[in-house]
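Next up, some structures in structure tokens.
One chain, chain A, appears in both complexes that follow, with chain B as partner in the first and chain C in the second.
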Partner chain A sequence: MVEVGAYIPLGQRGVWSDVKPIAQDDGPNPIVPIMYSEEYRDAMDYFRAIAASGEKSERALELTETIIRLNPAHYTVWQYRMSTLLELKKDLEEELQLMNEFAVENLKSYQVWHHRLLLLTHISPQDPSSEIDYIHQALLPDPKNYHTWAYLHWLYSHFSTLGRVTDKQWKYEQRWCEEMLRVDGRNNSAWGWRWFLRVARPGAAASQADGVKEELNYTLEAIHLIPHNISAWNYLRGLLKHLKLPLTPLLPAILPYTARPSAQIPEVPSTFEFPLPSDPLPNDTPLPVPLALEYLGDSLIEQNQTIEAGEVFGELSMEYDRMRTGYWEFRRRECVEE
Partner chain B sequence: MASSSSVVPKLNIPLHVKYIQNLDKKQDLAYHLTSHLRLNGIYWGLTALCIMGQHSALDREGVIEYTISCWDEEAGTFGPHPGHDGHILATLSAIQIMVIEDALDRVDIERVTKFLHSLINPDGAVSGDQWGESDTRFSYILLQSLALLGKLDTLSPETRENITQNIKGCMNFDGGFGTTPGAESHSGQVWVCTAALSILDREDLIDKDLLGAWLSERQLPNGGLNGRPEKLEDVCYSWWCAASLSIIGRLHWIDRDKLIAFILGAQDLEDGGIADRPGDWVDVFHTVFGVAGLSLLGYPGLQDIDPVYCMPAGLIASLGLRKPYITLPRLSSYPPPS
Partner chain C sequence: MTDPDRPRLQQHTFKRNAHINYFRRCLRALPTAAQSSDSNRVTAAYFCLSALDLLDALETTPEQRSGWVEWIWSLQSPSGGFRGSPFMTTSNEKTSPPHLPSTYTALLSLAILRAPLDRLNISGLIGLLRSCQAPDGSIIGDSSGVDIPQACSFVERCQVSLLNPPHADKKTWEGAYASRPGVVEAQGGTTYCSVAALSLLNHTATAGDATLRWLVGRQLGGFQGRPSKLQDVCYSFWCGAAISSPLGGFGKEPEDYPDPFHSYLALAALSLSHSQAELKPLDARWNVSVGTRTWLVTEIARIK
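Our next item is the complex of A and B:
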């Protein structure tokens, strides 16, 4: 009679009766001896035995699942599982479903993602959209997960190289990315993804003239929604630099954020064609916005007004962004030494 | 629990030394689940002790014997624990430990070099193992491992260039670096990429002003540093960010005193160790990176740490491996007299 819930050692289960388990060797005089739970220790003892004999069987597969459920980071066991799956010619779509379960049960590690990547490489679907949809879903409760975003990037890179990503899919992905940013404009991962979709990937829209204006508009609108959004400012500065565009033409959209006692904000020229800040500014927008002052300083340098630029950096150093005094002093001194 | 008091405590070196010495006496379940990190853990503990001037607090012969017992004869390199497959992550930790303990003569350098070379892909990316997951962490590990073994010159000029270009391909529009081309900039990846480029003598490829500005922006009002915009501060970024800034010569672009206060506030002043932020549980990972960050910032009573290798600076210099970097002057007392 077995007590309900008690762990039954593998050695007492008929299916393992022919295997002699190999116990953990912690090396001579272990500096860091390890206390194992009975279940984990038992499973690992049998894993060592089958790994030593190279057994690739159903029970081996089950054993690897037991172990990785207890320890999702054990890469040796993941690798053994993968080679067993391939050896047994198992249905890899089913394995993908299992990985979906793992995710729901919050079993996370580099290895879960890499295993998924290998599965998709082997399955090699003609249409990757169901996997893309799955990743989109996975990002909902965890919208900044670095591994998930890197995996999404790999998915698109890998399958577009195989010619399996349609124009429609790219457009859909852009809309999805914009929705992520609508939900949280400060999601830096989503901004990085937009860069790939709109600027960096082969055939990206922002490499054409129309695409450039659209991109600048989008970024400025984002800043106007959340004036202190570091990601949006970094994106704007990155765009201008990448496309080799000057800062000064956009200045009227930036100046309202530089409002401070020492400066008068000029009128916006009637010919200005880019989105302007809302009037009034969004609630709790502390002024001035340091990133806007940096933009102003760099624009002044562009216009050869280095003395005025130095003064702006001086204000940032002394007053408006004192945490980064070291950086602003560097910028100020550069202007003075010009 | 780490202290979250508003009075900044001093660094309690004797307590942290005892914490590290007692790591192997833990009896909890979580400990065995991290056997895949065991060798890394010893490197972290040993390095922290070196920074605190207590190198001999761990028994040298014991450390060496354990490291040697992690040798994987089939792979021709080290695994993280006896019986685990050889892996690049364990390889670097093993080499670092053996160099610190002056026992490199007990390592089969030729075989390890061969293993390292086997991980280099034709496009210059570096894999973690034969299953191919590539990541700029591995590029850095490969380069540091070869450098410490005195085998950097076994890289052909073509391979060296491929590795260099692959790392450069991971540079983003904000000046930072990710795990793979196009992946989001992240402080941890910034460190491995800047350190790798430094070892390659190609730090000229880094936009130091842009990256320095991005890194200085990681500092939050509470003085701690984060890994990317809009994420939480964490003591380990005191190392990833500060070491990066040190390598690119811009460590003075963050607020030294605020960061020191943040790290000191994350100490557990009862049982020793440092946590990821004040109030959380400690671990050896955050302990080493906390004291390493303090060392770079000039906190008194600590030994110099090399930001490229995260190893004792004197040792690296004596091996002729030192690359250019700056650190803040070593203070004689803290807080400094006003």
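Our next item is the complex of A and C:
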């Protein structure tokens, strides 16, 4: 009688009776030996045996599934599984279904995503939108997952190169990205995705003049919504740098966050056509915003007012961003010693 | 006084003996939970050995040391490079190809143990490095095409300056580095790899203005890996190293259980910050003690 739930070694199951398992040879002095579970050790012993003989079969597929469920980072087993699927001409859509289950359980396993990428490359659908929808769903429980975002980037890059991403799909993707940022304006991954959609991809809107204006507006409005949002500030600086635009023209939208005495803040020129913060600022915004002071400092350098810029960095160092006091002191000295 | 905002397990003293015991225990055995590291055991070994090196606590018997050295050499593939562990060693050579990150950690482990490198297959190693470079210049983990983002740091570590990866393509809108060209978000680990690699290729290079700005912005006390993410102790090393030129061990976050990866990187970060006189100085680009780096450079020159 077998105890209910007890592990039945593969050697006692008829399907494996013709295979001689190969134990791991860890030598007399192994370093960091792992206390394997019985199930894992057993499965690996049989995996070594079929890999050595090169067997590609249904039972080999089952064995690889057993192992990757126990160790989803097992790149050799993943690779063997892929080549077996192809050799047996298995239905790859079915494998994709299995991967849907895996992706949910192992969001942080690089290999799960790489396997999925290979599957999509082989299936090569004419319209990738259902896969895109699936990935959007997968990001909901873990909206900053690096692997998932990298995979979404691959999907769009790969299928747009093949000419299978329509204008409608690009627009839909931008709306989806805006929704992600509406839900969490601090999601840096979603900001990175916006950069791809609006700036980096071939045919992106920010390569045209009205696209640039739209992008600057969007970013400033995001800053006005969450003034301490580092992602939005980084995006703004990245945008200006990428487009080789100066920082200074946008100062009227930034200065209120520096909490300068009102006498030092010039009136907003009537020609200024970018979104301004609310006046007065909401009570719950701690002032000054260090990121705004940094922007002011860099703008002063741009205007060759290095002494004044040094003073701003000095304030950051001594008072407003003590965590980075060494860095701001370094920036201050750069200004004063030039 | 108990501070209600402070996690319970946080400690302020550096428990040298507890850390030493933790890493020695790991060298003897890892728990079943470490099964997911089965294919990268030599890297786990490197974390433990390098930690004991920094702690200046690597005393072993000559038999123990030569046993470990033999285990590492058993991982060298006949064609060059090292495997991550004996997990796929069979009579069929094709089942156990070499692996780039494992080659890096195997070499450093041998150096920490001061093992002569006469048995190193240098021409095979260079062949492996060449075969792992993708057309876009990025580095893949092994010849099967399985990408390991961190591997980008490896190439120059082995003193092979014949490859010249175009790291600039990995730079994002934020001024720091992502895992592959075009990927949309920078991260602390990949930024360390790129900065260290650039620095090794060109000894005068350090983190550029925009990258430095991004890196210092990651400090919240400890460091985070990306903006608006939680702190994680390993980023104290990844970010800290890129900037500079009640249990033993450390967990990822204040209440987590320790693992060799986070434990070692926490020690490495402490060594970098010069806050622990009990730790040997670290070479941040190689991620190994300065003494071991010096030994390895001399040894490579000797066998070439």
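As a working rule, the second predicted complex is superposed on the first by the 321 of 338 C-alpha atoms of A that agree within 3 Å, B and C clash if a C-alpha of one lies under 4 Å from a C-alpha of the other, contacts with A are read in each partner's own complex, and residues count from 1 in each chain.
Everything that follows uses one rule, which is that a contact is a pair of C-beta atoms (placed from the backbone, for glycine too) under 8 Å apart; a residue touches a chain by one contact, two chains touch by 3 or more.
Keep in mind that this is a model prediction, so the values were computed, not measured.
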So, after the overlay on chain A, do chain B and chain C clash or fit? They clash
Which partner does A:A52 reach: the first (chain B), the second (chain C), both, or neither?
-> second
Between chain B (first) and chain C (second), which does A:T325 come into contact with in this model arrangement: first, second, both, or neither?
-> first
Where does A:H114 make contact in the superposed view: on chain B (first), on chain C (second), on both, or on neither?
-> both
Classify the contacts of A:Y75 with the two partner chains as first (chain B alone), second (chain C alone), both, or neither.
-> both
Which residues of chain A are in contact with chain B in one complex and with chain C in the other?
-> 24-37, 40, 48, 70-71, 73-76, 79, 110, 114, 144, 146, 149-150, 153, 157, 186-189, 192, 195-196, 199-200, 230-231, 234-235, 238-239, 241-242, 323-324, 327
Interface residues, chain B side, partner chain A - complex = 23-24, 27-29, 31-36, 38, 41-42, 58-59, 62-63, 65-66, 69-70, 82-85, 87, 128-129, 131, 133, 172-174, 178-180, 182-186, 209, 212-214, 216-217, 219, 221, 228-231, 250, 252-255, 258
Can you list the chain A residues touching chain B in their complex?
-> 24-37, 40-41, 48, 70-71, 73-76, 79, 82, 110, 114, 117-118, 144, 146, 149-150, 153-154, 157, 186-189, 192, 195-196, 199-200, 230-231, 234-235, 238-239, 241-242, 323-327, 330
Chain C residues touching chain A - in the complex, by the definition given at the top | 26-32, 34-42, 44-45, 48, 64, 67-68, 70-72, 74, 86-92, 95, 141-142, 144, 146-149, 172-175, 179-180, 182-185, 187, 210, 212, 214, 216-217, 219-221, 226-229, 260
For the chain A and chain C complex, residues of the former touching the latter = 22, 24-37, 40, 44, 48-49, 51-54, 70-76, 78-79, 110-111, 114, 144, 146, 149-150, 153, 157, 186-189, 191-193, 195-196, 199-200, 230-231, 234-235, 238-239, 241-242, 323-324, 327
